[in-house]
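This report refers to the structure that appears directly beneath it.
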């Protein structure tokens, strides 16, 4: 099929206002069959809002939506799905307490309130198998899956709904590079069969690899649409953020790290991690890598007092300590802070205002004026938090801006040791550079940082050293020139070890 | 089947506790296990089981229904007026009673969905209205239910108590098929994550109204069965059943935060609760000590379901369970 | 960059106050006596009993929980305080009130244990605690029950007047003010709301959430117990099940006062209005001499009406 | 020993008679109570236990069980059925719902179990029922008050009990029999739910809005009624009140004219007495009307018909002299919980 026939969906003069906030303003936009159309924009640019409009989740304040050239309203997601507009949301649409199977059957086209059909299972299995999700059992409860597994299921669910237009709103943000490749291969096949794809990601290399066409949004306005390759990286970033960004990463530190702040010796936890030893020095940024669920996040949880019955020893400033609760962890004696992975349920209180969220961790900590906005301002400014006012509920912020609040809330405590679980997931390029600078700056000021990431670039360009996890153990410790993409990927698959044993 | 046991763990515990308590009850009963004893036991258990079923439908969509007892009272009072006739009259009488429950439940649902008021508060208020209506129908206890119908419903069929047959019927003919429909799954989805359910294309409003409608229907059935057991109408029965129905669903492993549990568990919870009470009959405990021991066993039974939090090794796992 | 401000007080809070005034004005068309100081003073006094209990309930509801052990904490505290006074021992008599409050707080701790540690839904755990308390009270009357009597202090607290205002009302206001101050100053109030919205995120913010839950239930228990002491002073005696009529009205008062039953949003100020409104509504319906059935129906409808009004207004505002 | 005293079993007007075939003792008897959480019910349980503990009764009883089933008539039916199933000779009970027992009576008759409902009795003529006349109780209070007022009054306050309850209905009927005859009388009714605190609140409201009354008739919870009147500075007027210890203390202390009368919890013991008499083959009136234990205000005497050393919620009606030596407070309260 040729891309220049009638668009599947066309938006004409669309605006979406939330009170005084204009999430979208006078947007004209179209997407066609047979092509991957990427949507770029910084956090809060209105990308998710656009997708929600097309998916029938929200209604435009102004303007017209046309499907196959016909003006129509999409009052709810069911109506959108009935027209072949299927969305994978940034906030996943899987029901946590139901099994994978039940989620696949739920709301499948043509089901209604009547009998559920199991004929979605076979195609879904096939999709899962293709994207490294073959191990996910149909009878597993979604709540027990990792974020990455959930994204895989979500992809399978979307594809089995026979979309004509498939919308992926940061649908691969928690997936590893190798899985992402497989997802892309599949998406390519789908477009070859004539479906359209709308794709949002903050990972530029993903856009580059996948998109046929790119649209850039800024502050709720549609800035430009062009074919992939028409402009270089710098120019696109320029369109996106209105300025040039030359270096994503700040220069690495020149001075050697200082005294040991934190030391893990033979750290273990039944069924999760085993014999993990890590040393963290003042001013160092240490990466924790590996496939999803290999124990990296358990280490962070253990350090933050969330695990019971851990083995081994934790030393802070040389003294053995027992960290029983997050409350103890954040106390000035220990000075540990954790920015958790799941901002919606773990990091933030969505119904409360930004101000209240910022204060929550600092309240009651001796020597911190929690209720003084000035202590957060350097961080919210540095991260360019985009909000109507600090009284705005956090839930109303765009995904990336929520993440900024989650970061600022802990940074203001000036922790001695900062534990970060994938802090740049869903963050736009510009903000990413700012986060990287901020982290480097904190490290230079003496904070020790443990950074869990799914983006290996961060290990290469930001971290001083990196531990790669596999099956609950550290299989590789990389530092200096060893930190290369190949080494990281190999260690991630535990290749080095298996090759060694074959030899 | 590790996944089956895992996702039905709480129901399994509930059934195990029930079997234990029943064994204890039959063991202390001078007459022992017999159709007669099981019939008596089943009758009073089924009333609460139906009330618990009503509560289940409210709870599964992350609601709570404080009008369960009030709907029962209304339906019981209504039944005592319309179930005195014969044959076809009785049939339509039952239909009318169930219809009244459905109506009450749907009204609850409409207030919740369109009035945007929390279920617990809506039903707190409608309960007051419904009890008022029941009092208009039955200012003092009275009226009569057709004895033949009542006997058919409360005695036994070939040695098997009618109550247990009816309870099994609810499960086999209604619940198990319902679980395989979009409605049944939608109930869980809405209760577990409204957002996800909505984005999956589910009509959240309709499901929620349907849930409270079903709650109304089952409360009506509970009121109806209460009428068969007591053969009379009484507007004053409300307070007793509402809170007990909540305790029952929790005992049966239904999570009050919605989306988790099954009707079977809820009904088993009701049987547990009533069996605890029945244990007192021949326990030989001093009469004034009985209420305390009853409360103690109740607290114990509830704690069993919660005891596995003590085994949780990741502190985050205790939240939202 | 906008600066931090305290968020504006919720206008929901005003609704029950306006409702209460409207009730009196409408009622006074039939009974002009409603506008007398006697009647109004009496309503302030009586709503203080509900108000003190509802004050504790508000704290627990803010937390996203509910306390169904109110009836027998009220009853138990009343029985305990009168029993201590009635023992005739001056020392026991003197500690009657603190002992009752301590009893309430202790039950609160038990409630908190089930909720915070055992993670049992408060709605059932506190119900079970309530039935155990009933059991203990029943068991206790089986033995020698000392003659019960309210002390002069208790009677004064419940029925006395201070500067023309009922002492009970003054006490209620003072406690609400004190508690509000405590909630605001200590950060405890913040934690309550945060837990009410999202306990996991609060815990991960390094808040000792179990401690907050324990404290909240203990405070609520003490408030219920104080309610029991006041009621014993008012009736000049204690009796079994004297707390029963307070459970549902308490919840209604809190909710009418603008506190979300799901936790997080709301506060003590609204509960004052809620308690006044519920007390007045009950009283006016009682005086109006309508049949019970209709009283119950009208009560339910008015509550529904107020809630509908509040919610639809809130929707329109957003 | 012979404990049967015919004078105990006075028939209500128009009552028939009932007898069963005599059985040899000792008997298995059960008392199935409803709700246990109020003072009256607890005292009823204590009275039953005290009766069974007296040697002359203990000798006739092989097994005596007391259970409380809560406010659930279905559970009460189940409990009674259980005792029938277990071969008990007699079951006494306070009906949660007095109209719900027709089928149970049939089953009991088939099994040869004697049922003796008391207090909240049934609408039935097939079993012996033990009660005071509720209509008579209402009548007595209203009549005493009207007599004290010389038959003339403008405004009377009536404090009713629990709505929807047959006992409340009957007592009110009894009061209205008297008050309805009084010409030009305004009757202000409030609902006190048989609860002291509730009575106190509603009476306070009634006083504030209706001013003074010439007399007051109050069901259970009259201590609250009197407190409210005291607080409002209401003058002492004739009252018909219940028989809680605290009420009698107030009545005596304040010199309130009128009568204190109430349902006695010791009815539970009379029901047992009747059950044994029936099992021994005696013929009893179907509808037993126990004399209403009453004390005129002028006859109140501490230590005799009220007890300053006992809890105010203690019920002074500790027995019926016609039937057996009334229980002493010590016998009731000392009745420890663990000598089943």
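The letters A, B, C and D name the chains in turn, as written, and every chain counts its residues from 1.
By our rule, a residue touches a chain if its C-beta (ideal position, glycine included) is under 8 Å from a C-beta of that chain, and two chains touch if they have at least 3 such contacts.
On a predicted model such as this, the values are computed, not experimentally measured, just so you know.
Visitor: Taking each chain's centre as the mean of its Cα atoms, which chain lies farthest from chain C?
Guide: With centres defined by C-alpha atoms, farthest from chain C sits A.
Visitor: With chain centres taken as the means of their Cα atoms, state the distance from chain B to chain D in Å.
Guide: 34
Visitor: Based only on mean CA positions, could you tell me how far chain C sits from chain D in angstrom?
Guide: 34
Visitor: When the C-alpha atoms of chain A and chain B are each averaged to a single point, how far apart are the two points in Å?
Guide: 43
Visitor: Can you list the chain B residues in contact with two or more other chains?
Guide: 135, 139, 286, 288-291, 315-316
Visitor: In chain C, what residues contact two or more other chains?
Guide: 134, 138-139, 141-142, 200, 203-204, 292
Visitor: Among the residues of chain D, which are close enough to touch at least two other chains?
Guide: Residues 36-37, 42, 46, 163-164, 337.
Visitor: Name the touching chain pairs, would you?
Guide: Contacting pairs: A-B, A-C, B-C, B-D, C-D.
Visitor: Of all residues in chain B, which touch chain D in the complex?
Guide: Touching chain D: residues 29-31, 34, 36-37, 40-41, 43-44, 47, 135, 138-144, 147, 150-151, 226, 229-237, 239-241, 274, 277-278, 280-282, 284-291 of chain B.
Visitor: Once bound in the complex, which stretches of chain A touch chain C?
Guide: Spelled out, the residues of chain A in touch with chain C are 19, 304, 325-327, 329-330, 338, 340, 345-353, 355-356, 359-361, 363-364, 370-373, 377, 380-381, 387, 389-391, 409.
Visitor: Which positions of chain D touch chain B when the two form their complex?
Guide: Of all residues in chain D, those touching chain B are 33, 36-37, 42, 45-46, 49, 65-75, 77-79, 81-83, 85-87, 97-100, 102-103, 123, 163-166, 169, 337-340.
Visitor: What part of chain A is in contact with chain B in the complex they form?
Guide: Where chain A meets chain B, its residues are 55, 57, 76-78, 80-81, 87, 89, 91-99, 102-103, 105-107, 109, 111-116, 137, 139-141, 269-271, 301, 305-309, 325, 346.
Visitor: Of all residues in chain B, which touch chain A in the complex?
Guide: Listed in rising order, the residues of chain B that touch chain A are 3-4, 6-7, 180-183, 185-186, 188-189, 191-193, 195-203, 206, 210, 259-260, 312-316.
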